[in-house]
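Chains here go by letter, A, B, C, D, E, F, G, H, I and J, matching the order in which they are written, and residues are numbered from 1 within each.
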Amino acid sequence: MLWHVEIVVRIPHDAGPEEIKALSAAEVERAKTLQREGKWLHIWRIAGKWANISVFNVKDGAELHEILALLPLYPYMKIKVTPLCIHPASIENERTVELQELAADRSVF
Amino acid sequence: MLWHVEIVVRIPHDAGPEEIKALSAAEVERAKTLQREGKWLHIWRIAGKWANISVFNVKDGAELHEILALLPLYPYMKIKVTPLCIHPASIENERTVELQELAADRSVF
Amino acid sequence: MLWHVEIVVRIPHDAGPEEIKALSAAEVERAKTLQREGKWLHIWRIAGKWANISVFNVKDGAELHEILALLPLYPYMKIKVTPLCIHPASIENERTVELQELAADRSVF
Amino acid sequence: MLWHVEIVVRIPHDAGPEEIKALSAAEVERAKTLQREGKWLHIWRIAGKWANISVFNVKDGAELHEILALLPLYPYMKIKVTPLCIHPASIENERTVELQELAADRSVF
Amino acid sequence: MLWHVEIVVRIPHDAGPEEIKALSAAEVERAKTLQREGKWLHIWRIAGKWANISVFNVKDGAELHEILALLPLYPYMKIKVTPLCIHPASIENERTVELQELAADRSVF
Amino acid sequence: MLWHVEIVVRIPHDAGPEEIKALSAAEVERAKTLQREGKWLHIWRIAGKWANISVFNVKDGAELHEILALLPLYPYMKIKVTPLCIHPASIENERTVELQELAADRSVF
Amino acid sequence: MLWHVEIVVRIPHDAGPEEIKALSAAEVERAKTLQREGKWLHIWRIAGKWANISVFNVKDGAELHEILALLPLYPYMKIKVTPLCIHPASIENERTVELQELAADRSVF
Amino acid sequence: MLWHVEIVVRIPHDAGPEEIKALSAAEVERAKTLQREGKWLHIWRIAGKWANISVFNVKDGAELHEILALLPLYPYMKIKVTPLCIHPASIENERTVELQELAADRSVF
Amino acid sequence: MLWHVEIVVRIPHDAGPEEIKALSAAEVERAKTLQREGKWLHIWRIAGKWANISVFNVKDGAELHEILALLPLYPYMKIKVTPLCIHPASIENERTVELQELAADRSVF
Amino acid sequence: MLWHVEIVVRIPHDAGPEEIKALSAAEVERAKTLQREGKWLHIWRIAGKWANISVFNVKDGAELHEILALLPLYPYMKIKVTPLCIHPASIENERTVELQELAADRSVF
């Protein structure tokens, strides 16, 4: 199922800048891996903040917790989780079907 | 640019149910049209609420306002707008490129 | 998965008392049915409020939304959903195993 | 009587990690003991947070306070207590009776 | 056990003044009865508000709920319940003992 | 006049435990003295918090401030003051009269 | 003693304008009377709001409540009471003495 | 024009007590000077807090800012500014006129 | 001096649409007049809301209040006033000088 | 497009004053440069706070983020971004036209 997650990062002003830099780099790598695995569907930065809005696609709260709690910057994150479901006005399904047909067409060749 | 929009719908208890029903149906139609035009990228329902989280792709605040203010249920909406930008950890671009190649491949045939 | 749901009921003072009474009765029936089906695990009243704290056991946000949105008093509810997962300090599993053994023992006879 | 307790743990970033680790381990042990004694009925983790939602079954506010104030991580906890009572829609009693009958049946043999 | 209860009364401006007057009178009577029964230990008005701060002495959350939910003005009340316990700095016990000795002395005659 | 005072104590995690212990002991002594002087009428602990709810009986805001500002733990207190007055539903006066008669009766002997 | 009182007036949009007008006029008269009696020391309007900030000089919370609860617009007021006391940096006393000397001088003639 | 200013002082617990003492003394001196200059009309302490409510009489926001930003304890202050204007129910003008007549009378002699 | 004013308009759902339309039209006219008079320097709409952020240039709080309280939609406005002053980093003065020189140059011809 | 940005600066009390001074000076220089480039249209100080209200004119959220995140005091800023659009009551366009005509006239010579 889909999860809306808002993450605000707050670094204490007396934290070591080198450590934060290293954690941030590890964070980016971890985020990319999870995106490639299809667990982390979207990540957008909020303009003007050290914060992001993300959408995760994971089985349940336990899997979501495991992913979030292992993020390198987790100790500095303020996290707000909102469970999502299909909206009756969404055409996401239509689009997925089109995309699958597109991919299917191509695989023919 | 991308916009994160959270919309909560609050119907006064003495509103006419027929009118609300008609407005809701019109709302769904309008949302689908805007999705097909590529303006309304995502719409998800928040589980347990008459509310949705959406992502719009429109030029600026003026275009966003025009779209929102003309939604059939607008008078009953509480709207929170958050401007988004590309996150350095996002692989959305990679994926878009893949998709474009996919589409390009296909159009060859 | 498990969901923590806090429900506060707010009846507008000019709502018809007969209608509210009928909805409340229907609400109790629906809650009992869902408990018997194993979807609604716990329901406790908050002392001093027309409110309850509940735990649901449903597959995902979509199923939770469907259940909540069909409750008779839903239009008058303020709902807060919190996704749960197993706590590392919980002995719920131990207890479940004991209970299953208990039931297994009995079914022998 | 039953008590709903929400506990959020907040560790200052300059606390010693060894001390926190030791306190966390002691916390888990204490929680298990209290569950086995029937004082701590339920403990669930909130997905995405270092936090739990618990239900305690203790005589009064004094006993509850004594238990909470002696938890190893208490100095780092933000605690919200909500008193509960039986909900008229609950079938917990029915279930308890069934369970007791089940246990009674078994003890015959 | 003791309960701290803050009650704010909010009358909708279009409620019938006669009905509110009657409910208020009934409320005063009920409060006096509960005080005489020793359930409602203290009631003070908050200066400048239609609100009171009270201390109840009842067995548990269920008894507290039953009392509050039957107050004549309950539908118009916003109630905040806080469970209390003996404070280590309190001399209430000393005073109670003195008072009991006083009463005991007197009953001799 | 009567004053409702809610006091939450917040100790910074890097404060010296010996100093806090000493201040706490001094606090208890000061609270008992003020209770015996009739200035501090009630003090109850809030279950689950390092916090108390108190009622003071002092002449005016100046006297209240002087008492609070001299409490040993004052620098760590978050204080909320609410002015009280007699509630029309209170029978405190009746009780005081009874108590005075009781004391008067006794003093006869 | 002195009391800081912030009063915000909120008129429901469907209240009768004639009644509000009459209450407002009565309110002004009452405020002037209380100022002349020395009970209502200061009243200032908050720029941009139907609201005022006032300072009252009354004996205790009971007298303050009685005055506020009898104001003609009281049912539409949101009131916040803050108890004041002499500030150690204030020269109000010096000024009062000067004023009294001034008045004393004059009364000689 | 008149300005309502609420100032709460918050000293970090690890600030040097000597420095704070010196700043506090300087603060009192500065406040008295500004009162004598007629810029700082009133200063009252809020009972139970290290906080004051003040009224300033300065030309505009720039002058107010300059005064506040130069207060010795400014770095530790949380400041809330509210612009005031004459209230239609105020008799301050009447009183000023009386006072001026009083002073005028006296200056005759 | 300059004032930052945030205005949110909230129309009750049962207000007459004709009356609101007429008030809105009058509001626009009044806003334009005040802009031409140089009192209302800027007005921007907040994207996604019936709300605006404005900057006024008026002498004091009294003039600001008079302007705001006479706006046609005032009874439906929630207004937040923030006093402004010159920022040390602003080059507004430089620009004004350039503009004046520009105008001066032109007036030569 | 236009963006309303409210920036509050909060310096931890144990930050080095020299470093803050240097950052503040760099901040002023950066702000002036951005104003001259036409990106930072307005900057006003909020009276009584270390805070400013600004209006930026930049293409999208990405450009806004880049500008804000590179401000020297950014690590100490709390930033609130609000997207703006043209208000139907604004005469800004009229004024721009006049100004352009003024400039055009002048360029003739």
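Keep this in mind: a residue touches a chain if its C-beta (ideal position, glycine included) is under 8 Å from a C-beta of that chain, and two chains touch if they have at least 3 such contacts.
In this text the structure is predicted, and so the values were computed from the model without any measurement.
The chains that touch chain H as well as chain J are I.
Minimum number of contact steps separating chain B from chain I: 1. Taking each chain's centre as the mean of its C-alpha atoms, the one that lies farthest from the centre of chain A is G.
Here the C-alpha atoms of chain D line up with those of chain F after a rotation of 70°, rounded in steps of 5.
Averaging Cα coordinates per chain places chain E and chain H 41 Å apart. The centroid of the Cα atoms in chain A and the matching centroid in chain D are 31 Å apart.
Multi-chain contact residues, meaning those touching two or more other chains, occur in chain H at positions 2, 14, 45, 47-48, 61-62, 64-65, 81, 83-86.
Chains that are in contact with each other form these pairs: A-B, A-C, A-D, A-J, B-C, B-I, B-J, C-D, C-E, D-E, D-F, E-F, E-G, F-G, F-H, G-H, G-I, H-I, H-J, I-J. Against chain I, the residues of chain B that register as touching in their complex are 5, 12, 14-15, 61-62, 64-65, 68-69, 75-76, 79-81.
Within the complex formed with chain A, the residues of chain C that make contact are 1-3, 60-62, 64-65, 81, 83-86. Of all residues in chain H, only 11, 13-14, 45, 47-50 touch chain F in the complex they form.
By the touch criterion given at the top, residues 2, 4, 27-28, 31-32, 35-36, 42-48, 52-53, 55, 82-92, 102-103, 105-106, 109 of chain H touch chain G in their complex.
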